[in-house]
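In the two assemblies presented below, chain A is common to both, partnered first by chain B and then by chain C.
Now for the complex of A and B:
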């Protein structure tokens, strides 16, 4: 009796210990999410997604008349925003990614002269000040000077006292990810165009056409399986040693480019595609094939009209998994394309996918955690949705199969 | 007769399809040979006088060196291999302990809802890309390591250290090992467990002495897979390793350098010895992975024998 009770207590202690350790995964996931959301969620905005990475600086002036009644704002502002009725501009103190104070333009009225300034460097050009830009320095026509370090309140007072602008230096926000988003899109598109036919046809060949028990089929299969175990950085070396020279001779590219990156990614996702399509071919009942043969169709017709259609869920799964892999891949692309962030994307030039974008901004002297977390959040959401969809598809397939 | 010709026609069309499908299959299979041939070619080049002349690297010095780079062209990789194995081994030990316990809990000790939930969480962890683990490592784990270093009275370079690398790697291979272990534990014959319970063993005793013992071969497969992943993991490791110039160093709080971080960090030009030597490091990495796999598979067979 005594012994049994002691055993029981020991068992319960062990159970509690094991249960606690099992929460490790949940703890890590929660820590990761809370860190990335905490740091990055504030930055997530339409401006981030559509903006350029490199900030542009404008030098402009205004000598025209001002509207006598001023320019009224069509919206309410918070208490830390200062508005100049005379110029129709709202400013606010803010801190940028490097932790420095700067004066942020919150809003500019549509009729305001500031939305229609002359470019100092090129008289024909117009410069439009808009929300999201920042004020660096302004020399007004009454020779008062606004510096960003003096803050938004002082700047608005100067605006209210001035009737013209001699010289105004502003910068756009920068740190946008539009270029990297476009690159990621290109990479997905080209990679899938290259890898999908290759993978699907290989899977069909291996499962439907290949003669069994032939040594060369075994070699084929083994060679494809070997790719699964190769680390992604080695694929990067393949890209650098084979695909960059190849694309350089075939196109006008010099050095890494989106095509060489796509070719490398195609090799990476190939085993994923082949194995998931082959899995879906395995579960197609042989009756389908025999029924098709009995109706007089030959093997080619059976394969492309019956089997291919039945393996669509497998092809869909392969696509989703591949897209997830492409979005998350970094090490291989660092070799196969490079780490140069671009705003205007040309297929035969260097640029970064979202994952390599994070690498580039983290590898510098001052890692930009906020921006990295914001981009990480985007990648995380997309990748997790893709994986959940795959899980749902496979769940539904097993459910259907069990039922029918 | 008519039937015969149709049959022949049908057959020839199938043969054409067969050949047309063989082409993409051969292409798919050829990539692995492309990797072997071209990476090897590029990686051997730095050691050849014929391609780099007086700038060529001494192979013996490369394989035994304890300093990565001594100008002008002396490279050493021995300490990097040692560091890599050290880091991966410790990461694997941490991951295995947590993974096997978690797998046991999910497979045997809880109900379907909690088990399913935890399994989904682990599958999500498996899907997170390496770069995000890198950001997490640099933002959270290095902070944790700084705190730990304070407790032990050590100094770290902003938390960038061997320990951070180990922890990041352990977190990254944890889902792989756990998911494989769950499969292995689920495959254990329940009659064995029932027999053990009938003989008077408690549930915990049964799980550890019967279930895990029976499933050890499958669990070991997961560990091998995890170690393979850890050896090849590049981005996240590079972000927290710190690329120490020489070594080997076994101090948990000092910076380290792994094979993959050597390949990824300090990449500037895309030609010359300093670029091509990274291909040589890549070859060494492949050999370490292959050799590690062979060794562990040998162990696995021996373990399997006595069960």
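Now for the complex of A and C:
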């Protein structure tokens, strides 16, 4: 009786311990998430995803006529937005990614002359002021000057008193991640093109064709498993030492580029692909192979028509896992493709993937925490979706097998 | 009497276990030959020797002769693929491929390079009709084969084998995973197939052997104990061991 009771207490103690540890893990995860969401969520917008990283500065002027009736806005504004009916422009005070005050253009009427200005430096170019840009400095034709530090309300008052613009300096939003998104897409594409066939056929060779119980096959398999545990920065060194010179010789690239990055990533994801495809080959019932042979199919036909087909879910899982790995990889890429943020992506030049983008903006003199958190949030969401898809596939797979 | 297979002094050894000892028997064309005996007696092993499925097993050593239509199938240059198209096999557990019913039956012909859609349709239909499955599945040939019942799956496997137009069909306990009604259907089918094909069937079920076969071979511990017509084996067994086995004294 005593013994049983003691065992009971022990059980409960163990249970409480496990529960505490799990709760602790959950708490850390929640903290991380809430921190990132808190910092980054209000930056998440379509402009962030499609915008350029580098802000462009425009210098423009307007000396034409203004519409007598002004330009009416076709929408309502919130109370902190100021609207100049005379010019058809709405401004607002805002804080940029670096924490400085600036005057944000909220809206410009389609008929407003501001939507169709001339470039001061090049008469042939047009400059269109639109929402999302910021006002830096304006010299009006009555020689009043607008500075961004004076705020939106003062700027609108100056607009209402002026009949022309001698010189207006504006900048586009900037800090967009389009370039890094494109690079990430390129990396995923090239890496999968290289690693997928190699990985799938290696797995098929190891499991279907390789002689069993031969020491060198086991050495091969162990090496593949070992590769999974190698820190990725070491693969980055490999990329810098082997793939960058290689791609520099073969293409017009000089220094890190997307191809060398993809080759490095291919080495990183290869063991992942090989082991998960081999796992899926292991669960294909031997009955299928026997039935295929008994029907007079040869080894190649059996491999391509039955084995490959049955391992499709495994191949899909491997693909998703690899894509997740590619999106999240940063250390290796710092060497293999560089840390230069770009807006116009060229395959043979340096650029940054999303993860390296975070590194780059945090490594500068003024770390941009909010933007880093926003990009982290995007990465987290994508990886989460990929992981859930993998779970769904493996669940469906087990379900089908149980039914079959 | 025409012999399809002549087996002579066949010895088969797995790594350290002698599975078949000096087997000598002939298999007659267009008849059903049943191989019976307790588990581990070598009857399935012998069956697998007939289309060289034992090739797939590592550490399996074979001596002696198996002649198929007067050619030794264990000579080095013998075309195994060709042999397996002539000698089909149905397995113990229904094992249709995880693809559509049509693709299952068309698999063998496709592997032989038949591509014409019409031709394949004809082959599939004929095979399914011969396997007494066509009426049950004609409206859902594109459904996954795994959605069929166990008995239907096994008949699909038979149809798949028939589609190759073989001369011999080897059956390795084809009904052991099925219920009595599905079993009865398969047995009926097997007897019906006798006119066109030579059938060798391994079975645990002695009543099944008595019901369907023309010849019966009784195996014990890798040895062929007795081989004769089914009537003789079940009516007047010459060997004491055979009598003990078929009367249920062991096994």
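The criterion applied here is as follows: the second predicted complex is superposed on the first by the 385 of 404 C-alpha atoms of A that agree within 3 Å, B and C clash if a C-alpha of one lies under 4 Å from a C-alpha of the other, contacts with A are read in each partner's own complex, and residues count from 1 in each chain.
As a working rule, contacts are C-beta pairs under 8 Å (C-beta built on N, C-alpha and C of every residue); 3 or more make two chains touch, one makes a residue touch a chain.
Note that the structure is predicted; figures quoted are calculated from it, not measured.
Once chain A of one complex is fitted onto chain A of the other, the partner contacts of A:328 are limited to chain B, with no touch recorded for chain C.
Contacts of A:298 after superposition: both chain B and chain C are touched.
Of the two partner chains placed by the overlay, only chain C lies in contact with A:290; chain B stays clear of it. Of the two partner chains placed by the overlay, neither chain B nor chain C lies in contact with A:90. By the touch criterion defined above, A:241 lies against chain B but remains apart from chain C after alignment on the C-alpha atoms of chain A. For chain A, the partner touching the most residues, choosing from chain B and chain C, is B.
After overlaying the two complexes on the shared chain, residue contacts for A:361 are found with neither chain B nor chain C.
In the superposition on chain A, A:212 contacts chain C only, with no contact to chain B.
Put simply, chain A uses residues 298 to touch chain B in one complex and chain C in the other.
Those residues of chain A whose C-beta lies close enough to touch chain C in the complex are 212, 285, 287-298, 301, 305-306, 309-310, 403-404. Interface residues of chain C facing chain A in the complex, by the touch rule stated above, are 51, 53, 56, 58, 81-82, 84-85, 88-89, 91, 93, 95-99, 107-108, 110-112, 146, 157, 160-161, 164. Note for the complex: chain B touches chain A at residues 10-11, 13-14, 16-18, 21-22, 24-35, 38-39, 41-42, 98, 101-102, 104-106, 109-110, 118, 120-125, 127-132, 134-136, 138-140, 171, 174-175, 178, 202-204, 228-229, 231-235, 239, 260, 263-265, 267, 270, 278-279, 282, 285-286, 289, 293. The touching residues of chain A, when paired with chain B in their complex, are 7-8, 10-11, 14-15, 18-19, 21-22, 24-26, 28-29, 31-32, 35-36, 39, 197-199, 201-202, 204-206, 209-210, 219-220, 223-224, 226-227, 229-235, 237-238, 240-242, 244, 255-256, 267, 270, 274, 298-300, 303, 324, 327-331, 334-335, 338-339, 355-356, 358-359, 362-363, 367, 369, 372-373, 376, 379-380, 383-384, 387, 391.
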